[in-house]
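Next come two complexes built around chain A: one with chain B, the other with chain C.
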Partner chain A sequence: MKKTRRDFLKSAAVGSAFLATPFSLHAQDLKANDEAVGMLYDSTLCVGCKACVTRCKQVNDMAAVDAPNDGDRIWDSPVDLDYRTRNIIKLYKEDEKYFAYVKHQCMHCIKPACVSACPVSAMQKEDERGIVFYDKNKCIGCRYCQVACAFNIPKFEWPESYPKIVKCDLCKFTNLKLKNEPACCETCPTGAVIYGKRKDLLAEAKNRLVASPAKYTGEIYGEHEVGGTNVLYLAGTSFQNLGFAELEHESAAMMSEHIQHTLYKGFIAPVALYGFLALVALKNRKSAHQVEEQKKVATEIVEKVEKDGEES
Partner chain B sequence: MSDNSFFSGGINRREFLRLSAGLTAMMGLPYSMHTKVAEAAVADDRPPVIWLHFQECTGCSESLIRSGHPDTASLILDLISLDYHETLMIGSGHQAEESLHKSMKNNWGKYILVVEGAVPMAENGIYCKVAGKTAADSLKEVSEGAAAVICIGTCSSFGGVQAAAPNPTGAVSAASLITDKPVINIPGCPPSPYNLLATILYYLTLKKLPKLDKLNRPEFAYGRRIHEHCERRPHFDAGRFAEQFGDEGHSQGYCLYKLGCKGPVTHANCSVQRFNDVGVWPVSMGHPCIGCTEPDVMFHTSIYDKVQIHEVTPPDFYPNAKPSKRGKGADPLTTAVVGMFAGAGIGASAMMAKKLPQEGEDEEDKT
Partner chain C sequence: MAHADEYHVHRAKILTPSFYVLLFFALLGFFFIGIRFVKGIGAVTNLSDGYPWGIWIVYDVATSTALACGGYAMAIIIYIMNRMTYHPLIRSALVTSLFGYMLAGLSVMVDIGRYFNAYSFFIPSRWQPNSVMFEVAVCVMAYNVVLMLELLPAILERFISSTNPKLKTFKKIAVKIYPVLDKALIFIIVLGITLPTMHQSSLGSMLIIAKSKVNPIWHTEFLPLLFVINALYIGYAVVIFESFSSSMAFNRPFESEVQRLSRVIPYITLVWLCIRFYDLFSRDQLGAAFAGDYPSMMFLAEMMLISGGSFILTWKQFRSSPRMLFISAVLLVIGGAWYRFNVYLIGFTPHGNWSYFPSLPEFFITLGLVAFEILGYMVLVKLFPIMPKLHTKKA
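Now for the complex of A and B:
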């Protein structure tokens, strides 16, 4: 069968109509649950005592990190978050006069990319309180959450035979359960990190900005970043100095989920695609009559060739 | 104040209140309780105390009678009724024994028994005998009628030096022999007298025993490690250690951990309460803590051996918050040079490729 130009255009139009299912690339506006809990860390109040680091390790039963030059193993010297450290205090030193501390741990995003990326729901987010936590019994060790996280928070237990992902879960299973407060917030001697509902913490942060505008940069990190996080930060120096990336206000996880969920909504797109392909295949299939005719032609040719051979 | 007052020795009201408030704070009671503590201290129902000495050096008694607030006289005459104490009592021989038995009879079930020293058990306990009775026997006899037993010092609490290897007298702690009475251990070699005083006052004030840890030590005094409140702690966190006695670091007051300080494993309030009413304690004078309040440290490990720290804390230095710059990218010159060679390579191969098919085509044409 010969395909005419008209035929081709016709089928192409049908196919593209199926494929080009309209979806918008704009993520919906995220809104934190009113009951969502988080932390507010105020860098200007932190004195760098690291009581939070110690308490976190005690409460969550984490091993110490040896320093290379510490033969007696007398200190816990983590240099960054790792599989033994959920929470760390770092120092930004501008010059001899100005310095600032910063505490890093999971930001508990309103739309967490780790949860979005996890293929088996090992990373989960609580509906009510918005705590992002990890279930080791579901994890398959793919480490997509590590790649997905904009803040580089989930850490993998590389030396273990049965490794887990380690990250802050607001002491969901330990201190929060027992004392209704994460260990770091409970132990902080200066109130630099406090625990509460996100809406209250956000209001408190805004109050502080109004009360002493000269002290702060005027921004609340986590209010909008990647669609907002439940952990909020105030600081007296730019957040880039404190090791935070400048991030989009749209949630990447929201966008990718939006695309995926639109594509696979009701399984329409795959059905349409394969339906279209089937259509093409069907259209190009030769009828039984055509096959018979072709066979006849073929035998004729063979016979002719044989005859010629005999003659020569 | 009456003659029977707490401080008949001439302490004024201000000092009395200061002591009461201080002891209230030490016991971990709210400040508002200090009047109650003061009332308990001046009440006339002084608790009868019987003090037994076994295998010991009397250092605990020495420590106690050197406390200045209150002084010895007001302590043993006014605060408590010290009915029997082999070192301090005036009577001796049968007179002393009579005093003991009289007090036991009159105050049966009410007196506080304070035990100083370990109890020898080898050879039926013949290594320590008073009035013809072995230490184990008199402990059993006197503890029967006691309201509570306070084991003062490491010897009576945990066995101390007597129980250290090879332990020829088979010494055991007095605490281990008492099973039917509440036992409070106040270990130390010697313990701070205020720990004993605070324990007795706690009992008098609240009519109950203070909260104890799992080694039966009062938590208000033995709840935390020496290390946690040591004045040399900042040196530890910053990694400044005295390496030898008399070296530069030692004279600068650096941390004594590497000289064998047992502070990180020793539960006691020495670094806070101090000694001798003048604010000194061993570490303040440059000697490492020897861990005398722990059952398995002093007399079981060398004084100058380093201890393994189990609850480690972060040091005094910080990781950098601002991410360090990643490896420097290629600079423009390198990029240009590499680019030039790469470009030349691509150009050359393109030229060669152009030539190759031409020959092929020629051959095809010929056929």
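Now for the complex of A and C:
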């Protein structure tokens, strides 16, 4: 018995060792592909005309959102991103004098959490251009992408019987394919949002910061957040005011994959665990058999003795 | 391995009043499930883009699989720690495990929006091994099969011992399969220990990727380890709970094995609490954990329940009282489940103005599935040799 306990402790040690592998996580430096494309949105240039919102809906065939007082459904009045709206312009009003606009859509992360989370490869990232897109034919609708996304971008068609996930894919299948530019960037009258390669956009953003430092906060949102995103932002007020979360520079998706790969690399740890447990269990079964045999012999002897006693 | 003489069929009426009560709730649940499939998830739930996972995932999957870890926990103590005296308890534990995991599988099919694409898991080109969800899904599916195989001997024994001439062909097949299965069973049992170790830890890993949304009191790289240990002590507590309630419901004496089993729980919870506090300390979150605000109160409740339940079990006089055993098991089960709710729901705060409280249909669907699960358990133990044989001796 004592021996088996020690065996158990050993196996427990092996088990916990593989579960608690010290996760020394030095977030590997994520680097965007040189060919990666994205957008640069400059809040100080945006006039809030929402032409990009309208154009996005036309091009991508999205339904309108009714206004509460619009019984005839003349206007499209989205207040936030949802399953009908991939792209939105919002207003931040500080006081009577100062206000700013902000555009929200998918950030197209360099290490997208939604792609890492999706169990069936319905969320994917293009190798070359880094566009994060969705395939409804693979999707099982588990919504893990929504849980995983730090920006709350993937939206779910809650009222539908056969719902899809909806998110910006840089017009990959529509405007970008036809006109080499996402609809919002093509439409914007002031050049507040522009399309291009990420490295060029980043250089442009840095130039603007140097050229007119007084106009901006001095930060580029998306340069480092969650490992960097392909959509970059410049603004004249803090990004928290514009509705962005303060996010770490490490990618949680990298952390999750690192842990998962440590535990499951080559399936060695699970196989080792299985093998060890099987050894212990087999040994135990053998000794259990022996104990049973001994018991049987013992009871037979006792019975015999009793029988003899009765006879005599 | 044949321990056929340790179990017996619980001979009692199947159609009892509690049967009908459970049936009512199960049917009510299935009625709302019908609505969900016709009108969509939005029509019956309070889920939103901020809280995409509600009680169907947090309770039915993340928590109920832990409540279903009795079979896992018992298999470890019996086959790995070599305590064959507990062997009579394993079948009823395995039945609750099977029903718990089937409940999880059923809920997932209700919860996922594009259930008709679920076959994606069987298409290798769509596999996504980076995804924690992928590991959980495949592992849970495999474990369901393993649980069925582990219970197959009980079903076969019933056919073997049956004298009904109508079941003659079944009997013949059963007689043939039984010895083969009996020999291979140990390898299936070991698989039944490996798989829960894998997916219970992965259920913890699931929330690692949502780092920016999960409160740092609960978000840690130790989530997988904490979840697997949590599943263990919940598993043992559930075995105690189940043994007590079936002895009440079926008018059986309390199984004495359970009292001895309860000794292991404090050791396991102690390890868990040490990791939990070491982790909070090393990440500088002890202050937040004891700050007294809402998350902190939820953390303290979790701690009180788990340490309270374990503390009772450190005293010998309490362990020998079935009532105290039951109370401590309830505390541990609620505390362990509380921890999982904290990780998945209470500590989950997406950026922006979002809130979630389950809707009535959501409650009723969960309740209906649980009722269905208990119903299945009650019927199964009355049809097949599952319950431990009574220690009536020669009295």
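One rule holds for everything that comes next: the second predicted complex is superposed on the first by the 266 of 312 C-alpha atoms of A that agree within 3 Å, B and C clash if a C-alpha of one lies under 4 Å from a C-alpha of the other, contacts with A are read in each partner's own complex, and residues count from 1 in each chain.
Here is the rule we go by: contacts are C-beta pairs under 8 Å (C-beta built on N, C-alpha and C of every residue); 3 or more make two chains touch, one makes a residue touch a chain.
Bear in mind that the values here come from a model prediction, so they are computed numbers and not experimental data.
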So, after the overlay on chain A, do chain B and chain C clash or fit? They fit
Worksheet entry | Which of chain B and chain C A:Ser287 touches, first, second, both or neither | second
Looking at A:Ser121 after the superposition, I want to know if it touches chain B, chain C, both of them or none. Which is it: first, second, both, neither?
second
Taking the superposition on A as described, I'd like to know which of chain B and chain C A:Val79 touches: first, second, both or neither.
first
Review point. Touching A:Ala278 in the superposition: chain B (first), chain C (second), both, neither?
Key: second
Touched partner set for A:Gln146, first chain B, second chain C, both or neither: second
Tell me which partner A:Asn33 touches in the superposition: chain B (first), chain C (second), both or neither. neither
* Asked: Once the shared chain is lined up, is A:Lys155 touching chain B (first), chain C (second), both, or neither of them?
  -> second
**Asked** After lining up the shared chain so the two structures overlap, which partner does A:Gly243 touch, if you call chain B first and chain C second: first, second, both or neither?
**Response** both
Max touched-residue count on chain A (chain B vs chain C) belongs to chain C
When the two complexes are superposed, chain B comes to within a least CA distance of chain C, in Å, of 5
So the chain A residues that chain B and chain C both touch are 243
The residues of chain B that touch chain A in their complex are 236, 239, 257-258, 306, 308-309, 311-315, 318-323
Chain A partner, complex, touching residues on chain C are 1, 37-43, 47-50, 52-53, 79-82, 84, 108, 111-118, 120-121, 123, 125-135, 137, 186-187, 189-191, 193-194, 197-198, 201-202, 205-213, 221-222, 224-225, 228, 350-352
The answer for chain A against chain C in the complex is residues 1, 4-5, 7-8, 11, 15-16, 19-20, 23, 25, 81-82, 113, 116-122, 136-144, 146-148, 150-152, 154-164, 226, 243, 245, 247-248, 252-253, 255-257, 259-260, 263-264, 270, 273-274, 277-278, 280-282, 284-285, 287-288, 291
The residues of chain A that touch chain B in their complex are 48, 50, 53-54, 58, 64, 67, 70, 72-80, 88-93, 100-102, 240-243
